[in-house]
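Below are structures written as structure tokens.
Presented sequentially are two complexes of chain A, the first with chain B as partner and the second with chain C.
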Partner chain A sequence: MAKNLTAILKGRGTLNTVLDIKNLSIEVNTKKSKYNVVEGVNLSIGKKMKYGIVGESGSGKSLTSLAIMNLLPDVLKVSKGSITLNTEKSKELTKLSKREMQKIRGNEISMIFQEPMTALDPLYTIEHQLLEVLKFHTNYSKKEMRELGLDMLNKVGISRGKEIFKSYPHQLSGGMRQRVIIAMALICQPKLLIADEPTTALDVTIQAQILDLMNDLSETHDTSILMITHDLGVILETCERVAVLYAGQVMEETTVEQLFTNPSHPYTQGLLKSIRSLGDHKNTLYSIPGNVPTPAQYENMGCRFSSRCPHAMEICKSKEPSMYTVEKDHTSKCWLHEEEGVAYG
Partner chain B sequence: MYAYILRRLLMLIPVLFGVSVVIFFTLRIIPGDVAATILGTDATPEALAQLRKDFGLDLPIYEQYLQWMGGVMTGDFGESMRTGKEILPDISSRFAITFELTMLSAFISWIIAIPLGIIAGIKRNSKTDFGVRVVSLLGVSIPNFALATVLILVLALFFSYSPPVGYVGFFEDPITNLQILFLPALVLGTSMAGAVTRMTRSSILEILRLDFIRTIRAKGAKERVVIFQHALRNAMIPILTIIGMQIGVLLGGTVIIEQIFSLPGLGQLVLTGINQRDFTVVQGSVLFIAFVFVMINLIVDILYSYLDPRITYK
Partner chain C sequence: MADTAYAIEVKNLKKYFPIKGGVLKKTIGNVKAVDDITFNVKRNETLSLVGESGCGKSTTGRTILKLYEPTSGEIFLNGQKISDIPRGKFRRMRKDIQMIFQDPFSSLNPRMTVRSLLLEPLLTHKLASRKEANELVGEMIEKVGLSKEQLDRYPHEFSGGQRQRISIARALIVKPKVVILDEAVSALDVSIQSQILNLLIKLQEEFELTYVFISHDLNVVQHLSDRVGVMYLGQMMELGETKDIYNNPLHPYTRALLSAIPSLDPYEKKERIILHGDVPDPSNPPSGCPFRLRCPKAHDRCAEEKPRFLEKEKNHWVACHLFDE
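The block that comes next holds the complex of A and B.
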């Protein structure tokens, strides 16, 4: 594992960021209710960096990614904060018009979704759906598009490109479809690729292939990756930095190495404890007791993890902690860091 | 595909056989016959018996059926018991009128319904959506004859307009022909539009919720491309189904509308046939309508496979 970690850390170290999220809040706004589902999220994704967001379902990780794409469902909207994309010039994504955002999607930022089985239009050929992206964003001729498309399919490991071009989605396997989707996402050479659980719906044997493929392609294309997952294993395998999201807030943010070797937040510690490793012969898996609070309960609950935290103190239930720097490149949102000499783990 | 079409055509045989049996025996169950309607109530029993014999109505029923079927098999639908004229040319000339009326109505209904349904689906729960839903519900619920009567009255009273009287074929005088057919087509079209609008709206709504629409947006598609190229095409299958059913029904003749606008269509032929107990006319027309209905269904099924590559027929 240590070897893997050092290999991962090599790629890190540029200060230039491609995406900056500052104090982002996402609000549910219906006639009946109004509350934040994501609150105060800060993220900075460096150029060529592979950044991970890990969290349970309902933690707001997917919503954060949809907010970047400006594809939030109608009842949700960004209520506070900024999302800045730094390509040739800096653009504040939350303030762009529909048209301007359409030019960015698929071109400067691409997204891969969880479910490859339903992510493609069943009525159009792969050729149409792949080249469509080029049609939206470039002025290539039909022939050039075809060549680029076949080349891209080749890069994602599909050698029978001409045959696949003529196929419809239902004729392809899940792994094949996810490869096509990756090809679609990368064909315009975006600066940032958001991958929302890209391997969750795939067979285990295909999962590793797809992750490797994304890694390789992002390196050759200088694309940063924002990996959204509930699986710490995926984070370890692909990312350099990671943010742990819980109940709509970032609980801990650091490098992958520090997260695994020195987790500071009790929630992260719980997550790591609940992974079973080889040679672990205990019969039961560790699980964090209690349930994730619902967004309606967020207000006035102090620290959102307090109800499930083994270290919870009086103050945790009444007052929300701020983000503490626990070491270089490592922040954690927990009252424990306020006092010195607390033993972790 | 061709094998499939051939199989579907073979299925016509049992369908038409069933229809022929039902219509043949139903007509003979209802009281009264053509002899009585021709000769009137004062006719002597001898005269009635003679006339029945002339029409072959004195034979055992199964023999009558076999005789009729034998003719139909060889393309001879027989002669009208009232006029003595051959039936088939009459059916086909009247069907031409009904066909034109149906296509015109369908066309009117699409140009109203599909845009409205799309708008309502995109702007769900807005005032526009609400308005469209109310109007389409009205379209479905107002009976044709009421709408037709109101339309004729309003046009006559306030605009002093009345459509040309008497029927003129399209190839004789297209403009007069369209003037004659426009009002009935408008009435039929608006009532069809109600159902099509509702189906388009719900179908579009359902498709817009699917994952692949999000993917297309994430690719940077303009809303126009999302709606027309992807959402609408996916929404077309249920819309096509309902359109096919409507056309099938209309091609069977629209008795009331044809009466109101005095169009010599298929519906009118069947209605007078029933009233006069003109058995051969009714039997021939019904068999023809059943045939058309099956064909429309076949065409719709073939269109499905063009719309959706997942549907294949073997």
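The block that comes next holds the complex of A and C.
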């Protein structure tokens, strides 16, 4: 319980936070059209905290992470809101120049991508790629870098470091590659590690190894983790707090424990119900009817989940709900909570 | 003639892919993708093949469909031996055994409308005149939960879940007896996945289908299957009824695999068996038991002798020396 309480306090920003996202919107701007793909996202990630973002494809979870890294593709841009990184001093990431951002990437914030096959350059050895991060961000001698590199490989569970140093990515298995990528991400001791579906491409037994490793490393390295995934099981395994994204908006935000024991948004309830009914042999599964709306449909649809929601009321179709506090440390964007909850945002 | 209570029988199936090398492109080794597996699938049953990538589950599925020629072994479809029928002749029998693939984005021709996608198999197999075929297409599209108005659209106009419905309609329109589903719901989001699973279960009852369901998702497999076969490095490690495999797994690999599924209950304390290392290279598998290098219970005998595949309990087979005294 004590652990939970600190987690809660961290989440509310009363203790130091590493990253604060306030009212973030991301806009697609092409000649033909202009609309928000991510809208009004608020998150704050405490020191050493493991924070999860869960959502289906197209919910905007990866775009949010790319916005933090300032890596959004050209057609997309942050149209509103702020992303603040609090390390030695606070920095507003959306306002930094390219150069300033390069100093932060890989050093203060690192990112792990889903596909360990494409995240490494096939033409360079592991040694080259791993030490490149250090070369860019530090002034260590070559010998020191090699030592640090070998030490880091050891920490991610690669014992034959010297051999691996000489190998090329194609000579390693998927699990090994993902370990190398984690080593690269952590070698500068970042304050925040963003992991975008880090285990989706891996088999379950390897997934278990990698999640275990990430949990250990965040403890020993004082690193906060932002875990982005579609898999609620992975969230439960690793995170303390979680935000549920749907159609570009946060629908529910709370501790992982509360999300699983007392989900309050109908979308979260539906998701949990449909996964939990799996295993009941051949009985009809609970499923959320319909499809996720496309960004072009977002405008004037009221609550974005209303077309698929079993509790939809008249107001849901015309007016977007605000974020209500349903209990201590638990918010949900749904009209059902209008009476009991306190609105903000 | 084999026993016809089974829709599919596979006996000692092997599929090796040669590795060519040197100046003369001689065969210098083999990737043993499927190495001596035996199983059968009863009529109207769902048998799932599970395992990690590279375990040979997809190769098994494709070899049954004769997309690959087996290296050795026998395959029977409804009692008829199909493993030695030449490809050209087998084409006529393909309507009895259909396949649904993982990726609904690449398995549908983007230049064909849904109508022509569904008409094509009927006309190729000469199952109906054009007029009858058009009616059948209309019926089928409604069975999979889409409407007749959507028939003249192209695949890109549909979402992933809807495309998978089209793939299902295309596979089922020729009235097959057996359907091989290779990771058929793996690319779909959770909320869409359950819609498609419900549809598959409904259609299985309606058309009396036999499913071979290939997947790495153990939660989905538990829901859908009557029996489950666990594969590792081209070999069948354990085969049994779903409830026996999930409640009473015998093989150390099955136990580790099941313990690795992330739990969905915050209060459940699960004892996790973390396997060390990776799946070995299938062109150079370890001696004896293929799992011994990662097995927490490996002993001397495992390196010396390949374990036999034995029926340890009724209808529950396992290949492990721990159960072969």
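Keep this in mind: the second predicted complex is superposed on the first by the 317 of 345 C-alpha atoms of A that agree within 3 Å, B and C clash if a C-alpha of one lies under 4 Å from a C-alpha of the other, contacts with A are read in each partner's own complex, and residues count from 1 in each chain.
What we mean here is this: a residue touches a chain if its C-beta (ideal position, glycine included) is under 8 Å from a C-beta of that chain, and two chains touch if they have at least 3 such contacts.
Remember, predicted model here, so these are calculated numbers, not experimental data.
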Contacts of A:M69 with chain B and chain C, given as first, second, both or neither: first
When both partners are placed on the shared chain, which of chain B and chain C touches more of chain A: C
Partner chain(s) touched by A:E163 [first = chain B, second = chain C, both, neither]: neither
Chain B versus chain C as contact partner of A:I275, first or second or both or neither: second
Partner chain(s) touched by A:P122 [first = chain B, second = chain C, both, neither]: first
First (chain B), second (chain C), both or neither touched by A:N107: first
Which of chain B and chain C A:E92 touches, first, second, both or neither: neither
Touching partner for A:H137 - first (chain B), second (chain C), both, neither: first
Chain B versus chain C as contact partner of A:H230, first or second or both or neither: second
Residues of chain A that touch chain C when the two form their complex: 56-57, 173-176, 203-209, 211-212, 230-234, 236-237, 256-257, 260-261, 270-272, 274-282, 284-289, 291-292
Complex contact set, residues of chain A against chain B: 69, 71, 98, 102-107, 110-111, 113, 115, 118-124, 132-133, 136-137, 168, 170, 181, 184
Of all residues in chain C, those that touch chain A in their complex: 52-53, 159-162, 189-195, 197-198, 201, 216, 218-220, 222-224, 242-243, 256-257, 259-266, 272, 274-276, 278-279
Chain A-facing residues of chain B, complex: 210-212, 214-223, 225, 230, 233-234, 307-310
